[in-house]
């Protein structure tokens, strides 16, 4: 993969465009999806069927007064939203969109992804801490304990996938699953992996919902308890960046789930694989994120942590052992 | 069972669940002394929407106070109208025709269902679920349409007069009510119970949270669904029958557990009982006038009068003192939520912030009724 | 409804200003600030039947930092006056106020000789952009209020104005 | 009714000297018989309460303890300002929570210049807020109340609105 300057520039613009469009229009999808679930019409006045609504929100947020309240740690207050956006966009560089569309196919791309995910967590902590608002501090403390608790089972399930496909490179993992859905990791039939793969898929999906702080695990930005969580003091584009960061995290979570378990850019019926299959899988997963958010109430913080420490981690560890045993036996 | 916690009390901080907070549904401020996320001491601060209703009562005549009653508890405004009409009719000795009594019961029970629907929506909004609000409002709009046809307003009704009701109900209203009851009965098991009540997250969220004992209810004077959720069988429509309630047979849902889940189930069953009352009232609706004879300017005898009415939140009492001239000498409104909230301080100690808010939601507060 | 243009900044970019105003008008995020009976009608407007989300305004932000329009729905009394003033000051700059209901316009049913506790009108505290009469005003009136505010921001009316009678 | 007689008997010990006016049926209302203290059985249909007890301010706590023993709960405390008689009056309403219905109204008259009455929030915690509200509106001072501050009006208000001679 010779690294010519043109290719790097092309991918830079491509990923920024993909991230920007996704961050904005996911907001539109969420509001339309929520409206559909709640039997009402979503935004339909701005442009055709409300398609210009994210544009209107973006313009409004850009042109609002940037307000840094008193008694606030100035530098961290400004850095936190940016820090929430950086990991989400950089982790898109490693995601293999298709056979030959993929910015960088690094050897340890899975490791890079999870390193960046923890930066997102730190951003929430900094945002909550810097804004000096009691609600924000409670929400930051909750966010850290939640993300920490849900990163461990996520990592363990990824290890099971890496063990099966034998490489940490996302592109190899996806290549390994080509040729029809029976080759995908979920339905991998040879040497009995399909059972353990299902369990790790479920655990992985629960963790990705919890990782992006979305209901029923939205402890950090608990709308009705902590006013607006760690975003309470953030006004215009600070709040905008946090929201875009959250939506991009959903996109990255969906891409990861698709690549690891649903066979990346592979076509389910063995026809010609391509990037549109990949995008289709992502948007189906994103719709389930939205669907879950608008149907379930919020759990309590101690049940959320119990779920992870007492149920998800033991299960994923057992899953890891079983997979290792199966590989050893067959 | 709140989480056992050893409250160290050494680094507590004061958190203001301020007048503007999404979970207080109005302008109630609770001064929370917190230790981490556990509530050490909770002290509600009232008065942010005190609107001088009692001073206005002393200023105007008896009839001029009727619109004010609806502005106190706008979710169950008709019960407040009914309470005020009852106490003045008792004081001045005015007869109410049979049909008017039936119409009063039908409209009050419809309004009670609307109030419980809005409580259910707001309670789930507190717990983080947004969608139930839209489904409950869908049903509530149907009731508001029915009541708007005969009373003329959507929320703050001024429908009752001192010798009956202002407007007669027609067949379209009767047919509309029957359709509404059939529709809500169809939706209740599938939408309200399967989708929400049996949802494991909701059950974990409100089961064994905010335990209120029967003795606490008696000492703090909590009535209505809060008392019935703690095993006290007290409903004014049964214990101190007024109007034509004795002629209907309905039962009072009482749950002994005393936690938020019990209060939740009491209100859900009460909706069912209200529908039963409405159906029986519609079947036995007599003919005749809806307005009896009442003197233009009421001058009730001097004396002390008290009437209690069962609203969606508890027993609403009117302590009326008259000294013989045309406006009330003194009116004290015993608001149910005022007493229901007074036990919040004692029960919310040691709970998590999220559980304390779930408990406050299960108390079904309407702040202008507390502050009057 | 004057044609008075909201001056966005010292340097006037005519076209950019129009575009920004159009963006602002289409995404007015109200602050959840329900005080009394009008708050219930505001919730009904957010419901499925009247659906304020068609105008991109269904995102009810709890914190004043992220909201553009403060819908004063209810009575402001002397104990709450300071809190309301602080909330208004905490909102970032292009902000508007809708006084919903008679209590927010002029104290409504509580503007009497013996009034010792109610602030008679929100405009005693801060400039109000749109007044919506009614006690409580119907959800359609609130939607009309939001459209009037949008007309005030952009100068163009979204739907033809229906003249009564 | 068993409950009414039992309550009446229990209360009677408090007022040994004044024979309780037997069944005056309350048609004259509270003013007609100028009685100092005592128990009056009134018709609930008209007045809403079964018993009308008039007692000294000092006996208020005793009455509360008797009714607490009988299983009553405190429904409301209201103040009345009799400007012409230069008197404040505090009206306590007790009621039964469940079981038989019997409402008891207890009234005490206080001097208007410095109205003081002992608090019953020790017996009924519900009285805590009701008494703060009565203090807020009338300025009636409740002795050794845990924190007798204003509840509905702003803390720095210096007037008592519901007094008859108050006009802003």
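Lettered A, B, C and D in written order, each chain numbered from 1.
In the analysis below, contacts are C-beta pairs under 8 Å (C-beta built on N, C-alpha and C of every residue); 3 or more make two chains touch, one makes a residue touch a chain.
These figures come from a predicted structure and were not determined experimentally.
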Between the pairs B-D and A-B, the one where more C-beta pairs touch: B-D
Chain whose mean Cα position lies farthest from chain B: A
Most centrally placed chain - per-chain CA mean versus overall CA mean: B
Whole-Å separation of chain centres (CA-atom averages), chain B against chain D: 26
Chain A and chain B: spacing of chain centres that average the CA atoms, whole Å: 44
Distance between chain centroids, defined by C-alpha means - chain B, chain C (Å): 29
Chain C and chain D: spacing of chain centres that average the CA atoms, whole Å: 46
Chain A, residues touching no fewer than two other chains: 38-40, 223-224, 227
Multi-chain contact residues (two or more partners), chain B: 21-22, 47, 50, 52, 55, 134, 138
Residues of chain C touching at least two other chains: 47-48, 62, 79, 113-117
Touching pairs among all chains present in the structure: A-B, A-C, B-C, B-D, C-D
Complex interface listing, chain D residues touching chain C: 153-154, 157, 159, 161, 167-168
Chain D contact footprint on chain C (complex, rising order): 78-79, 113-117
For the chain D and chain B complex, residues of the former touching the latter: 26, 29-31, 45-49, 52, 71, 73-76, 78-81, 91, 93, 95-99, 101, 103, 105, 107, 124-126, 128-129, 137, 150-154, 161-162
Sites on chain B touched by chain C in the complex: 18-22, 25-27, 47-52, 55-56, 59, 67-68, 71, 74-75, 118, 133-134, 137-138, 140-141, 144, 154-156, 367-368
Complex contacts: residues of chain B adjacent to chain A: 3, 13, 15, 21-23, 37, 124-131, 134-135, 138, 199, 201-202, 204-205, 352-355, 357
